[in-house]
Amino acid sequence: MKNKRDLILSAILLIVLFGASWFANSELDSYIRRIVNLCLIYAIIGLSMNVTNGFAGQFSLGQAGFMAIGAYTVGIFTVPVELRANVFYAVPMNPFIADIQMPVWLALIVGGLLAALVAFLIGTPVLRLRGDYLAIATLGFSEIIRICITNASSFTNGALGIKDIPPLNDVRYIFVVTAITFVFIAALINSSYGRAFKAIREDEIAAEAMGINLYKHKCLAFMISAFFAGIGGGLYGTLLGTVDPKNFLFTLTYNFLLIIVLGGMGSITGSMLGAIIVTAGLEYLRIFDEPLKLFGTMIPLFRPGFRMVMFSALLMACVLFWRHGIMGTREITWSKLIAFCKNPIGFFKRKGAAQ
Amino acid sequence: MEFFQGFLNMSGASFAQHMVNGVSLGSLYALIAIGYTMVYGILLMINFAHGDIVMMACYFAYFGITIFHVPWYFTFIGVIVATALLGAIIERMAYRPLRDAPKNSVLISAIGASFLLENLANYLFSGRPMSFPDIPLFSQNIAIGSIKIQAISMVIPVVTIISLLVLLHIVNHTKTGMAMRAVSKDYEIARVMGINIDNVISMTFIIGSALAAIGAIMWGIRYPGITPYLGVMPGLKCFIAAVIGGIGNIKGAVLGGFILGLGEILIVAFFPDLSGYRDAFAFIVLIIILFYRPTGILGERTTEKV
Amino acid sequence: MKNILKTKAMTMQFGGVTAVNALEIEINEHEIVALIGPNGAGKTTAFNMITGVYTPTNGAVIYTDAEGQECNITGMKPSEIAKIGIARTFQNIRLFKDLSVYENVIIAKHLHLKSDFMSATLHMPWYNKEQAKAEEKVEELLKKVDLWDMREEKASSLPYGKQRRLEIVRALATEPRLLLLDEPAAGMNPKETDELTVFIKQIRQEYNLTVFMIEHHMELVMEISDRIYVLDFGETIAKGSTEEIQNNKRVIEAYLGVDEDA
């Protein structure tokens, strides 16, 4: 009964949002459209990071590396063959791939699968580690991926990067990918496998004693996370138009870390909120990078770099004073929304009493 | 065959040259790795900001000598004091409030602190690379036979050994050192025994950061380009050095530092084709160590209690 | 009587310390067997070896499965051991604290799931069918043990006695043949202990279980055990029926200490 209602409501919401994306695509100016796209892409990657870090409880910092794999796959295979000599002017492209061209959707999937494959290979040694060690090892692998990309010039054009990636820039397209990601991960979390992930997060030893194969499930979470990070990275590549290894420094991962910490580790609706707030916030903070004149005097505080200071201070403040983020491990559900709409004040009162 | 060219062409003199470079890089890694290992030994956390403390120390030295024209020996003392203070402040602000929080929160806070320092440096000192002040005494070349060695390369190992001896004396023969060892052995019991844990932790950060400052000064003289992100790679590598030696173990950190420094230089010397992968070397060693001997070379093996 | 678990010279050494030395245990089907001994005697270590948390340094663990087949389970992964029908609880309750009571129990059904992760995520009909069956079983189980009304509550918010019970129920949900309980009555008041006694008897009957438990509560042990093993400093110092143990001189010595003057 309830399930059916939620399903219908979700479907309606998706259709409405798709309509909105149609509107955004045709009516909004290119600057706003870019921010909306970035928001959606960050949401995909934030969601993917939440699978490992939030649900399976494995603190991984490899997102930038997996994004790089996706972005480069899209870059390499979607640049039109006739433009490639122009892009690969220093070192000619490897003849093995020089003539392969793919449509974007296929390149995205291939990129995601490659990222998942790399995750599988990395997973064997790395997923035996815990906590800090896992964090540093995944971060290390993210850097190794970047170093390999820098050095494999005949495939990736090395430090010069790949330019002329055909822009996608279609809000509807990116929205659909985001929606699929969201629905897939929500369905995964609500399945038996999702519960197994949570069990591992809560207590590895008990989970194992309940018959959950730790390695298999951690690896699964890691691969799913990498797959979607690869897809998100591919979309990010089309948005940038030019990818080079410097785009995928491990500090890029910190954006998504902030998204999931702010939204709540282990909450997918939280990740969506986090993605919107962080992306929009980072754009908004841009005013801090420009000189500001107040009452005719220059405020010396505002100059390039201040935005990132604010950003990192925000990450710290969030974890110091607001550790559970907006949602904690809770989710926004239809039942809660309806309860809220019926009685907004009572909703929070009851929640306060329950805690 | 081309791959082994570097190996075949190596003469005795250039091998000696590489060894000197490797030992001096290893010494620098060792000094910085000690900071990681001491903090991990007590708080069981990676102080992600440690590499950025190194970076800040370089900027302090730059400002002291180049901007304020303070003689280098006074500046260096000032830098060590200021950096030690910075370390203590970071602990106070970013880690102490989370003493009872889940480990992941502390980890995120550490990442945040590191990122904040980098962005602050970028904002305050601009992202343009600056040049570490030149001190002719250290930067001159000394010729020994057919090899030429920068004076600093000889100074680095000596300073490292002296610092290490002083540190070992502090840890093994003073009251503060005893308290540190007690806290790293058993946090709870040390607390019950009346040891002021907060002071011990502050002391650990002060000592670790002071050593990082010494390392940073010599790093700056050896590799003079200063940027806000200068500390990132050395930071990661020194943490890896600490893990290789056995985290929590000071001698292990030194051993790990030398293994990593020498390994890195020699691999590039023997296989010039791999020089692009130089930074990947440390991570590969890390993975291998964690796989086969997760507690490091000198670490104790432990079993988790169920 | 058919044998269900046997350990052969099972030994565990940590560094130079022998925690358990050449332990020989035999448990028959449908028995309740207790493992007692002073603190640090190696009881939990023995459990950890049987359930795969530790690999014994020496010796073997032999399990007889439902088909009567003897299999060597030494060094198998804990998750595999759970799958063949051995479930356990922990000395210091290890529930999934932030998850609900219901989730805690249904997680234990995951090991019976045959659908792969893709069909589970896409909620394919065969997965839904499997899942519905699992949900039915969990509901039945929770109702039987009086936890159905609190199924939505966070595991960590339950009172202590209920948490202990929930941990046993979670182990039961894996549908074991052999249940290992590590100090189930620890920290319980006399009333809760009495309830637990009844509960253990009840589930053994209901689910045709074999129970192997570590316990310090002598009243409980004497009341429900068929046989008892006594461990001290890693060595088996006595075994036998409750009466035999109660009158065993070495056991009394181990518990009360030897009187030097005597």
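Which chain is which? They are A, B and C, in the order written, and residues in each are numbered from 1.
Here, a residue touches a chain if its C-beta (ideal position, glycine included) is under 8 Å from a C-beta of that chain, and two chains touch if they have at least 3 such contacts.
None of the values given here were measured: they were computed from a predicted structure.
Visitor: Which chain is most remote from chain A in terms of Cα centres?
Guide: Chain centre farthest from chain A's centre: C.
Visitor: Per-chain Cα mean versus the mean over all protein Cα atoms: which chain has them closest together?
Guide: Minimum centroid-to-centroid distance belongs to A.
Visitor: Per the centroid of Cα atoms for each chain, what is the distance between chain A and chain B, given in Å?
Guide: 32
Visitor: When the centre of a chain is set as the mean of its C-alpha atoms, what distance in Å lies between chain A and chain C?
Guide: That gives a centre separation of 42 Å.
Visitor: If you average the Cα atoms of chain B and of chain C to get two centres, how far apart are those centres in Å?
Guide: Centres of chain B and chain C (C-alpha means) sit 48 Å apart.
Visitor: Can you list the residues of chain A that touch 2 or more other chains?
Guide: 205
Visitor: So which bits of chain C are touching at least two other chains?
Guide: 53, 90
Visitor: I need the residues of chain B touching at least two other chains; which ones are they?
Guide: 306
Visitor: Going by the contact rule at the top, pick out the chain A residues touching chain B in the complex.
Guide: Residues 59, 61, 125-126, 128-129, 131-133, 135-137, 139-141, 143-144, 147-148, 150-151, 205, 251, 254, 257, 261, 265, 303-306, 308-309, 311-313, 315-316, 319-320, 323 of chain A touch chain B in their complex.
Visitor: Which residues, counting only chain B, touch chain A once they are in their complex?
Guide: The touching residues are 44-46, 94, 97-98, 101-105, 107-109, 111-113, 115-116, 118-120, 122-123, 126-127, 236, 239-240, 243, 276-277, 279-280, 282-284, 286-287, 290-291, 294, 306.
Visitor: Once bound in the complex, which stretches of chain A touch chain C?
Guide: For this pair, the touching residues of chain A are 184, 187-188, 191-193, 195-196, 198-199, 202-203, 205-214, 220, 329.
Visitor: For a test of understanding, state which residues of chain C touch chain A in their complex under the given definition.
Guide: 51, 53, 77-80, 82-83, 87-88, 90, 94-99, 103, 106-111, 113, 115, 117, 120-123, 127, 131, 134, 170-171, 174
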